[in-house]
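Take a look at the following structure, please.
All chains are identified by letter, namely A, B, C, D, E, F, G and H, in their written order; residue positions are counted from 1 within each chain.
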Amino acid sequence: MIDRAANAEDLHHLLTQVAAGTLSVEHAQQRLMAYEDLGFAKVDYQRADRQGFPEVVWGLGKSAGQIAEILDKLQAQHPIALATRIEPSSFVEIAQRLPLAHYYPLARICAVGKPEPKPGRITLVTAGTTDIPVAEEAAVTAELCGFQVTRLWDVGVSGLHRLLDNRQCLLEAEVLIVAAGMEGALPSVVGGLVSVPVIAVPTSVGYGASFGGVAALLSMLNSCASGLAVVNIDNGFGAAMLAARILNRRSG
Amino acid sequence: MIDRAANAEDLHHLLTQVAAGTLSVEHAQQRLMAYEDLGFAKVDYQRADRQGFPEVVWGLGKSAGQIAEILDKLQAQHPIALATRIEPSSFVEIAQRLPLAHYYPLARICAVGKPEPKPGRITLVTAGTTDIPVAEEAAVTAELCGFQVTRLWDVGVSGLHRLLDNRQCLLEAEVLIVAAGMEGALPSVVGGLVSVPVIAVPTSVGYGASFGGVAALLSMLNSCASGLAVVNIDNGFGAAMLAARILNRRSG
Amino acid sequence: MIDRAANAEDLHHLLTQVAAGTLSVEHAQQRLMAYEDLGFAKVDYQRADRQGFPEVVWGLGKSAGQIAEILDKLQAQHPIALATRIEPSSFVEIAQRLPLAHYYPLARICAVGKPEPKPGRITLVTAGTTDIPVAEEAAVTAELCGFQVTRLWDVGVSGLHRLLDNRQCLLEAEVLIVAAGMEGALPSVVGGLVSVPVIAVPTSVGYGASFGGVAALLSMLNSCASGLAVVNIDNGFGAAMLAARILNRRSG
Amino acid sequence: MIDRAANAEDLHHLLTQVAAGTLSVEHAQQRLMAYEDLGFAKVDYQRADRQGFPEVVWGLGKSAGQIAEILDKLQAQHPIALATRIEPSSFVEIAQRLPLAHYYPLARICAVGKPEPKPGRITLVTAGTTDIPVAEEAAVTAELCGFQVTRLWDVGVSGLHRLLDNRQCLLEAEVLIVAAGMEGALPSVVGGLVSVPVIAVPTSVGYGASFGGVAALLSMLNSCASGLAVVNIDNGFGAAMLAARILNRRSG
Amino acid sequence: MIDRAANAEDLHHLLTQVAAGTLSVEHAQQRLMAYEDLGFAKVDYQRADRQGFPEVVWGLGKSAGQIAEILDKLQAQHPIALATRIEPSSFVEIAQRLPLAHYYPLARICAVGKPEPKPGRITLVTAGTTDIPVAEEAAVTAELCGFQVTRLWDVGVSGLHRLLDNRQCLLEAEVLIVAAGMEGALPSVVGGLVSVPVIAVPTSVGYGASFGGVAALLSMLNSCASGLAVVNIDNGFGAAMLAARILNRRSG
Amino acid sequence: MIDRAANAEDLHHLLTQVAAGTLSVEHAQQRLMAYEDLGFAKVDYQRADRQGFPEVVWGLGKSAGQIAEILDKLQAQHPIALATRIEPSSFVEIAQRLPLAHYYPLARICAVGKPEPKPGRITLVTAGTTDIPVAEEAAVTAELCGFQVTRLWDVGVSGLHRLLDNRQCLLEAEVLIVAAGMEGALPSVVGGLVSVPVIAVPTSVGYGASFGGVAALLSMLNSCASGLAVVNIDNGFGAAMLAARILNRRSG
Amino acid sequence: MIDRAANAEDLHHLLTQVAAGTLSVEHAQQRLMAYEDLGFAKVDYQRADRQGFPEVVWGLGKSAGQIAEILDKLQAQHPIALATRIEPSSFVEIAQRLPLAHYYPLARICAVGKPEPKPGRITLVTAGTTDIPVAEEAAVTAELCGFQVTRLWDVGVSGLHRLLDNRQCLLEAEVLIVAAGMEGALPSVVGGLVSVPVIAVPTSVGYGASFGGVAALLSMLNSCASGLAVVNIDNGFGAAMLAARILNRRSG
Amino acid sequence: MIDRAANAEDLHHLLTQVAAGTLSVEHAQQRLMAYEDLGFAKVDYQRADRQGFPEVVWGLGKSAGQIAEILDKLQAQHPIALATRIEPSSFVEIAQRLPLAHYYPLARICAVGKPEPKPGRITLVTAGTTDIPVAEEAAVTAELCGFQVTRLWDVGVSGLHRLLDNRQCLLEAEVLIVAAGMEGALPSVVGGLVSVPVIAVPTSVGYGASFGGVAALLSMLNSCASGLAVVNIDNGFGAAMLAARILNRRSG
């Protein structure tokens, strides 16, 4: 075990509960386990301690049964358990095993449980309508992390007045997630207008020489607006996790 | 010969001069030649007829001697002869054979003769200071074609107010050439503000994942501002020639 | 609002109508709105003022419902509203909400309303039969912009006489759109024959090392015929919009 | 002008000084200018207001004279002015015009003036010895922004115990910048150990299939440790600016 | 025939059997054939002699009939015959012709016959759950080669304690196969912990800038842990064959 | 018209037939047409004169109706008309309009008419079984050109004795077409063994880092066996046409 | 030894000379050697027998001493020995050891000895002046193989009349080598005009998105003119060797 | 510390020496240190324990002073210390600080000390003369690891008889390292002939579409000869380390 020591207080609280008999030895043992081995997966119970948020199931390439089993384990340890990249058909199967699971179709996220509210707000911006699903993956993840979110859709640079009209919204943001496909110029423009962290999410929206989002990705990596954070193409989830890391600092 | 017929009037004028004895048979013959074979090059004397501007020598990979010899032939047929991508050391050698040649160091262009003024103005814009040499290749080419030019340097999107402050300049343009490296976002923003043709020139300015201008090129090809014209990386010359084709239409 | 000032005359006319009571305050207000926020989209009502043609809906990745709603808003403000990249199945759904919508299957374009005729003609050329759908996207867009079009199909360089036989058609063109896949050589050859602007559209026609149109795109960017305008792979729409920008200059 | 309104307090203070005669009208005017046009550059005086840090000169492709002139203008407006990617030979020339300029050879940074200390510490980590110059660009930038820095060099994953021995240093960090070339695995491993923001900087260290840092860049974009921020290859400066945006939030 | 001489002993044994009448001339002849020509395939009967393991049928792009016919020929010559990349639907057809064929759905392998046990054990490790199918192709191949295998799934670097908890398993390995997608960092970390050969298998697990496994492949080729062996993306079979070559050395 | 003059003899023969009344004016006129315009296609009737073989229809992206109509026109002018890349479902439709059309399913070729035998033999070689469809496209094309063919399948370099056993077949070849996927090594090995032209055809057989045939294509372009001719990935047809050009020389 | 048997006649002749005493045993032995091992190289004496032309030294990456030593060995066995990619400075050193060596600066070829004339002529064409060095590598190689050559320089597609004016030269060719950089369109146009084999040589002439010749290479691989043979970028030597293989067929 | 426990015996021996007074406390302490921090580097003293061979200094991008200092530290702990990628000029500087250092110019390796002989032999093969430097990096590394080596240079597939003549050498090998550039076919051919591990090293030898060794790399990754181990381009050192891991197994 690596990081348990870093949360001496929590650990003390837990052991006190065991001593007081308010927490059974079995439950305490499981909560102290670094991970649990399901054969096809080693569910990481320490991730919340180490990284500030529990392990999230990445749904691509996993069977509905595997996803449901991991979610089941995670929800027993944490207030909320999350899986991303879940197709509707897959959710139907998951819901049979986890009746309390909820599905966010636009974001393709499945969740069990309720987040504890955290201080902080994440502002999400898209260049176009077709970038919304990626931004929604970020927005729903952020909400399920307990943060508040503001959504500002379809303010791409081909109609700059739509963006400038909403400049106040940008200036009031604590941290910004900006999703754009095609030429991916919006994060550069936004980055030039604000002083808070801007997380640029290239989307695979486009065709031809957009190469599935590569054009937007390269735009963002080469932005003339210094200090942008870039994540993988269509990685709304990762953008939200980065925003969460940034907002988590506050209480530090 | 292909296109001579397309200029019946000019041809008639030339032959009338021969008939009148004001043009020698030899000069007339040479002006009617489709091209002249120098061994290492076939100088295209018809290009001005066909494409609206005489052949321009592309200096990369040619010896100074070759460049000088072609320029010499071209200037005998046209009011002005041009060579691009000329290194200073190469110009020194060229000037020994063509004392009237003039050199534009920033644009790396060498020219002999004077252009006939043409109606029309080309407005050139750069995102940054380091994009200026590419834009100057376009500007000098345009001037040597006989057009007037307006230069607007260093108005990239990371400081949007510099661009918006000069919006009037953009709105008054007849045709725009916008050079940008790095993320190449500027042509998209400009394209969204104006209704005239915008020629986007990606430059190789940048490093790392700019891949020698590829990031900017892809940005421009995938612009959400519909109706941009894109040319090759660092191709200021080509941008000017395209602008010339567009402006030439007027007199049509 | 950014550009309204640029059309002082139009604005004066509109306000005069309001003053005269021939235009209601509500309609005037909506026409003066910079954009309208539908939640998933901010419909740009100023684009015609700024760029010379109303916003066009890009259908890829949008639901039929979203497309129909945006078209509905746009047609209320403009004589014609357009959506590209519309699959037949999507059109069926759109037509239920917009019975007056018309579908161009080859071009995959859906339109509501009628264009006002504009002066100018766009000549469209393809290298092969399989390039026609891309060229049709350009042709239908051009027609719906109000321009006249000439179509010249299947004159690729492997049978050069087919092109040369139609040279007169090329020489009479005001602006050319040339679509080619595979090796994409046709725009270079055409560019060498004419003096008007040539817009090169690489198509994804090909296989193997054509890499979905990249071979043709690179050919066109590196053309030895100076002054070609290049657009994205399969971007017939963008080619037409660029041609429109070029032709719009005339009245300037 | 766009953002001046956002700093009402500063503005009030400045005008009070003018009123009191402690600031001349000329100096006040210059400080209120949005930007200054040097011909080859439009120096952005508002960037500190908008983005939290003054414009920084990017040295690549600019002449020493241009760099010196821009630095001179910037230092008149701000406590410190910075230029990155400065070769030693270029600095010699700059120093002749700006005798107070200081050079950081490892970071290739040139600076004039002294930063005002800001609260916050940035922890910098490298995988190997050869990644140090990129990390130093970040470190020196951070120091010149006024932050404190901690350096942890050569703890790459091939000798994991070197990293784990320094885990305490990682756990105490407020924000981490991790530079790695070759396979770029270190940010993923660090990201899995901590909850604060991790900024991953791919370096061009490597050969063959590292493709000048692309291998490391792709590693970082695809990290299984969710919530990494990625910047361009060798972009130590950008990493520092992102860290500064994150730390700046605190005082917000 | 090339290599028969290399197995003088086996050859002598076979001929002795013929002399003794315990092996028919026909069977001996077939076993001595270098290969058998089926028209669409030349089944290589010497591969076991040359490379240590019989030819294995690569199922991609072959019809079920072709696969069955080759397997039938191979099993007549060897104790076991193998085909990889077999879809379930294809196996149904194969099984009609080869009722004794067995199918491993996770590994997508079809086999006829039983392996002869060989000394040696191969340890297989995956970074995540979704890498298991590739690792299973390796594991089943290894088992069908006659080796013993140990499986260690889901110990990727984002939860390093899961890997370090199983360090003993790594230290006891004779040869390691490590499959990882996304950033592909696991083989580098494992390679730094052990002295035995580590075979790195990039998987196509990921999305966006993972480019179908290229990011993981490049990571592994550029590993800072010297002495990794890399195979093609998703090539579990090749990894097992390399491990077999390594283990085969023992008896040499 | 360009090339008709090159076949003075044929032209004289045709006109003699017209004079003699054995060929109607209408048929003669059509045979002398450079091409026929079907709207969606300009069928090139001169290609056989210019290139030695009539135009061949490339089926990808054309409708069955278009293919049938072009084939119908071509067969009226030539002894045989050919279309490649024809899916079985498409052939069913074609056959309804052209009952005499014949289909070669492995080669995906559809033909009408019978070739006139030509002197010369083309030897076709594949590395594996899965390369056969590409080689068959070449083989059937060659046969329909009138040439004889020899097929040598599945002699790839992993079992070199299969190739060397057939060396006599290679040494007797007039021209070789060698198709290989994966690492594409076979043409290099064959090229080192023979003195006749070797046409290397990379196939898309492979997975992962074969990138759809790119690995094989690069292998062949970089062959250490000097004098290989390379064609596009999976381009069996082009390989056959090149072989035909080579064999046609004989009669010259 | 592999191929000696293929030249029974030559072998008989050599042995007859030995028997007659007109060839010493030592010389005969050396001529019958398959190759000679110089340590750093195994000089292949059989290549002329197998491939129709002696081994040619590829100069890139070899020291002048190594090149000279291999040339010395080759010239002892063959009438002519050749080395390509020889820099002038390297030739100076080679000439000190091989005083009879001759240098072709444009082609960067060094040769010792004289070729035996062979029947056949190779026609070489370039698109531009800067493609000449690559074409000269082919031309000089062809001449040193004993063939006659025709050179046609600078007839690229931007001035099509220059090409069409020389159509007779193309129609009379036995085999064509066409070198072109930039968009590489010329081989497609030439391939559409002639029936003989056309060998397309992409050159690295260009900049920006030509990617060192990749644009031209892709153009040629995707040519709509069927039956082109493509070789590596700048590979004039390989083009000549392929032409030689084609012409060698004649005497077969 | 991680792995020290894995070598209980060695540890016991060391402590016994301390107890006996034959090893000073200081020396023992240093030998037990996990690593030593030099500021710019953390020299890994445990690597020999963990991976079977001491840390090797990678010279690219390190100053001569840094290299010398690390070598000095390493040699104090191990019988031999090694640095790769050392330019001659750098060695001169190193030798001033480490007079006992030895330089291998072809391999560009610098070493201090003498290896302890280990059982096992590594056979090295190159396709051409220009691949020798990469192979020498592997050979010298192997020798300095204590292994014996056999060198077989210039047996590429264009002259297959040179390879087959040396087949005995291949069949007797324990482990093979095969270096090839250009099309990289040799490892596939060798892999098909032997049953021992074959380590394929792509080299950057080539030009044009070899893309600095990418063509060879892809060839080797896609080899039809199953069970090849691939390393990075030009990575002779890594190949030797992999061979060492394989041979080390013997004593296990």
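The criterion applied here is as follows: contacts are C-beta pairs under 8 Å (C-beta built on N, C-alpha and C of every residue); 3 or more make two chains touch, one makes a residue touch a chain.
The structure presented is a predicted model; accordingly, all values stated were derived computationally and were not measured.
Student: Return the chains common to the contact lists of subunit A and subunit F.
Tutor: Chains touching both subunit A and subunit F: C, E.
Student: Based on the averaged CA atom positions, which chain is farthest from subunit C?
Tutor: It is H whose centre lies farthest from that of subunit C.
Student: Are the two sides of the subunit E and subunit F contact the same residues or different ones, given that same means over half of the numbers occur on both copies?
Tutor: different
Student: With centres defined as the mean of C-alpha atoms, identify the chain lying farthest from subunit B.
Tutor: The most remote chain is E.
Student: Where does the A-D interface recur among E-F, E-H or C-F, taking recurrence as more than half of the contact pairs being identical by residue number?
Tutor: It is E-H that reproduces the contact pattern of A-D.
Student: So the centre of each chain is just the mean of its C-alpha atoms; given that, what is the distance between subunit B and subunit C in Å?
Tutor: A distance of 27 Å separates the two centres.
Student: Quick one: subunit B and subunit H, Cα centre-to-centre, how many Å?
Tutor: Here subunit B and subunit H have centroids separated by 55 Å.
Student: Using Cα averages as centroids, what's the distance between subunit D and subunit F in whole Å?
Tutor: Result: the chain centres lie 60 Å from each other.
Student: State, to the nearest whole Å, the distance from the C-alpha centre of subunit D to the C-alpha centre of subunit E.
Tutor: 50
Student: Could you check subunit A for residues that touch two or more other chains and list them?
Tutor: Residue numbers touching two or more other chains: 2-3, 128, 158-160, 191-193, 208-210, 214, 217, 221-222, 225-226, 232-233.
Student: Between which chains does touch occur?
Tutor: After working through each pair, the chains in contact turn out to be A-B, A-C, A-D, A-E, B-C, B-D, B-G, C-F, C-G, D-E, D-H, E-F, E-H, F-G, F-H, G-H.
Student: Considering only the defined contacts, which subunit D positions touch subunit E in the complex?
Tutor: Residues 127-128, 156-160, 182-185, 188-189, 191-193, 206, 208-211, 214-216, 218-226.
Student: Using the touch definition from the top, list the residues of subunit E that touch subunit H in their complex.
Tutor: 2-3, 6, 50-52, 56, 167, 171, 174-175, 191-199, 217, 221-222, 225-233, 237-238, 241-242, 244-246, 248-250, 252
Student: Would you mind writing out the residues of subunit B in touch with subunit D in their complex?
Tutor: By the definition above, subunit B touches subunit D via 128-130, 132, 153-155, 158-162, 164-165, 205, 207-210.
Student: Using the touch definition from the top, list the residues of subunit A that touch subunit E in their complex.
Tutor: Residues 1-3, 34-35, 39-42, 44, 46-47, 55, 58, 60-62, 66, 202, 204, 212-214, 217, 232-235 of subunit A touch subunit E in their complex.
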